[in-house]
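Shared chain: subunit A. Partners: subunit B in the first complex, subunit C in the second.
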Partner chain A sequence: MPEVDIEWPWQYNFPPFFTLQPHPETRSKQVAAWKSLILEYCEKNKIYVIDVRESSQGPLFYNSTINRKLEQSVILSILSELQKTDNSAPVDKLNNRWEIYWHTLEEWASMIYDYVLGQGIQNSVLTLHELVQGEDTAEEMFFGMNQEVLLKVLRLLEKDRKCEVILEDDVQGVKFF
Partner chain B sequence: MRRGIGLGAIKKNKYEQEKYKDKGNEIQENQFEQMTKQLEVFKVNLEEFATKHKNEIRKNSEFRKQFQEMCASIGVDPLSSGKGFWSVLGIGDFYYELAVQIVEVCLATNAKNGGLISLDELRTRLIRARGKNKSHQEISKDDLIRAAKKLKIFGSGFNVIPMGKDKYMVQSVPGELSMDHSVILQQAEKNNSCLSVSYLEQVLKWEKERGEKALEHMVNQGLAWIDLQNCKDKMYYFPSLFTACINSTN
Partner chain C sequence: MNRIKYTSPLLLDGESTVVVENNVRIYDGDQKTSFEGGELIITTHRILWGRPGQIARGQTCLSMALNLIIFIEEESPSTFSFTRSRKIVLHLSEINDTSNGPQPYSMFNFIKLSFREGFTKNITSILHDLLQDRPWEPKIQQPPVENKPQQPLIKPRMGIVGIERSIQEKQKATDASINMAFQDLDKLMDMAKDMVRLSRMISTKIKEKQGDITEDETIRFKSYLLSLGIDDPVTRDSYKSDNQYYQSLAKQICDFLLSHIEEMGGMMAMSDVFCWVNRSRSLELLSPEDILNACKLMQALDLPLKLFEFSSGVKVLQLSSLDSSTVAEATAQLVDEKGSLSSEELSKSLGISLTLAKERLLTAEKFGKCCRDDAIEGLRFYPNLFLTREE
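After this line comes the complex of A and B, so read on.
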């Protein structure tokens, strides 16, 4: 997938940004800058999953111009920081793959539910494909959402009795209430 | 003439000495009075001058500098006198206002530069923040240095560090910087905002320990960042001197 250029923050061209800083105050500034850079980059490129093992393949953690890359252990600690604010979660036991939520699952849930109410399409069944890939939602923020993330969002709504997820072999859909 | 011998002579001698002393005091007092008068006259003239040229002083930075120097030569500090005649002029206010704005810029950029900013960047940001409606008031580096120096009264939090050749850094965090640190900043400025211990060994002929100690101190002050991915050396970077950081809007 071709990646959209984002406006890189100044730190991205600052070589020490890619080395974890020893001074606590400086380090917390550094980590904060990385957190917002990760969220912004994933949002612009609609990247829902990051694989830490492949981190040196994309530009996010590897700036080829200045030849600096962020170590995997550092990436892991920043992703864990993001998890504290519900902006990420590991999806495998080894913590290699991480889902990134530039909107938290709660925020996504209310966005999708607001859309459903606005369209008045409660009580009808939508396929998951329709919901995030269909023509009708092309302008919505959740358009193109990764299916695993989408299911987590819908499960949240289901808990509030706002929808029911239907997962059968031939239909994967959702009915909103 | 007969030499003065005896009690009478001693008394006379003493009396004459006292007379001389009195005379001396009198002359001294006269001179002092005269000088005070002259100084008064000069002060009055200076005040008249200041009132007359109030607008120029406020508008023209070169004029302001010369006026400041004139004041300094007779021991008048228009900045320290908040009351009375000088406050009417609003010259003190001008610098107070600047000082407040300096603090604002320093606080706003602290997150990225750790509390160290070049006078040039400070000036650019400050002028931008003042907005267009005040553009008739030209702010010179000299104005900024005067105002920043006034901030020293708040303790060691504010410091103007000379960097040679009309270049200055303004430090807005507590923590003394020694000569070694100033020299390091000067070197880093010439070397793309970064340097290493061995660079200091080569260029300044410093002992390894001296460079290490100074650089580590700056890391612990939050002024320097380290880079461990340089193939040769542990590099120390200064965001306050890094062009992309200086130019970034946030």
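After this line comes the complex of A and C, so read on.
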């Protein structure tokens, strides 16, 4: 996972940031700061999936300079806070792996559809690989998108009858309408 | 030797012969006497001595009451004596009436019995047993001796044994009286149970019928109950009744502690209060309950101190001018100055106890003035930048 340095917020070097605050008002500020930090960090590093067990050792939740670490239980509660705003969703039943959506699935969907309209490639079939890894989309926000997340986005579009996902063994493509 | 009397060898009521020895000499102290080679009879009551045949004929003989004997020892035979002779030393108690004896005066407090031919039986242990059993005792009156009826009653309360016995009897008496006292207490407790039940009943009735009787009457009745020493569960926490004792105690504690508490930053844990107050009183110690009750009254009495309970249950005595928000403010200011504080550091810098320091920090946190950093190094508190710092 290539790490891109992001500009850490001031809280990141503030030790109480890594302890869940009992005072309700303080806690809400703290959790809000964590939420925006997680989204920003994932966006900059193009991280679509967080594994709670692994990432508690990573720089996001572990500040080695002040030697403070966010506890897994707290990470979980912040991720579930993110879920409330559709910015995350657990992948497995044990809530160990979480998909992070710095753009919500709906935002992603409209972004992709706008791109398709802009390129005028309705009614043609694109492979999923082409869509998120191809040369043509290298400049787009959704470039390099995790395949599972992409599928969830396309299913959303499919519901609105804006595309059809074709999942054959050898070909995984999508046709936009 | 002056304890020995002339008397008839006839046995008295309840008296029986225990042992008979021959060829016995009596010593007055260490001095030999002319009473030698005689027959010695030890009865349950007396020691009789007579010349051979005298006692059998019922003639007057020498006698000494056993109750005069304090202590018996056997004199160890000297290294150079090859006889079978054995000597027993009888230590005797004082006697007033020395008449009618062979020797009215004696400088010794003991006599010796010398058994020229040894004993047939172990005289020492027999005498010991007799002294222990005291077979002459059941008769409270000294058995009347016919030829000296005027002899005053000799109480068996003399010498070390006598003293020991009297101590024992006193103990028995005390024991009995203590038992009696506790019997009374038991009754009292039973009564008190009834009283408490009665008072509970009445106080619940008062609660039910609030309005039917006036407030004044209710209070007066509750104060009656309290003055009986019965805690009324209703008033237990409020202590509305004008209990003079607690009131004056509250004032006293206040006077004494006010300056100390001011020095210590306006707060003192109840445990410290207890120590300070009792140390100053040195002997007239107060129970924790009394102190607590007195402190509960402080606020109602408008004293400069009041009892305050933190949400954790820790109780402190603090300045009335102090309320939680000012405490929080002051603590937060300290945290601001230092950058961050643990309870240990705060307790050191303010000279207050650790619990108190922690409570103060928690109060500050509760008011959103501080935030915590709970790391392996321990709990520290920081200024609440989450709320104060602009994004």
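List of remarks:
Assume the second predicted complex is superposed on the first by the 177 of 177 C-alpha atoms of A that agree within 3 Å, B and C clash if a C-alpha of one lies under 4 Å from a C-alpha of the other, contacts with A are read in each partner's own complex, and residues count from 1 in each chain.
Rule of thumb we're sticking to: a residue touches a chain if its C-beta (ideal position, glycine included) is under 8 Å from a C-beta of that chain, and two chains touch if they have at least 3 such contacts.
All values reported here derive from a predicted model rather than from experimental measurement.
Superposition model on subunit A: subunit B and subunit C are shown in a clashing arrangement.
When the shared chain is aligned, no partner comes close enough to touch A:144: not subunit B, not subunit C. Here subunit B runs into subunit C after the superposition, and of 27-35, 63-71 or 207-215 the stretch doing so is 207-215.
Under the contact criterion defined above, the residues of subunit A that touch both subunit B in one complex and subunit C in the other are 10-11, 14-16, 18-19, 21-23, 25-26, 29-30, 67-68.
Within the complex formed with subunit A, the subunit C residues making contact are 340, 365-366, 368, 371-375, 380, 382, 384-387, 389. The residues of subunit B lying in touch with subunit A in their complex are 111-112, 114, 194, 219-220, 222, 225-230, 235, 237, 239, 242, 244-245, 247-248. Per the touch definition, subunit A reaches subunit B in the complex via residues 9-11, 13-19, 21-23, 25-26, 29-30, 67-69.
Contacts from subunit A toward subunit C in the complex involve residues 10-11, 14-16, 18-19, 21-23, 25-26, 29-30, 33, 67-68.
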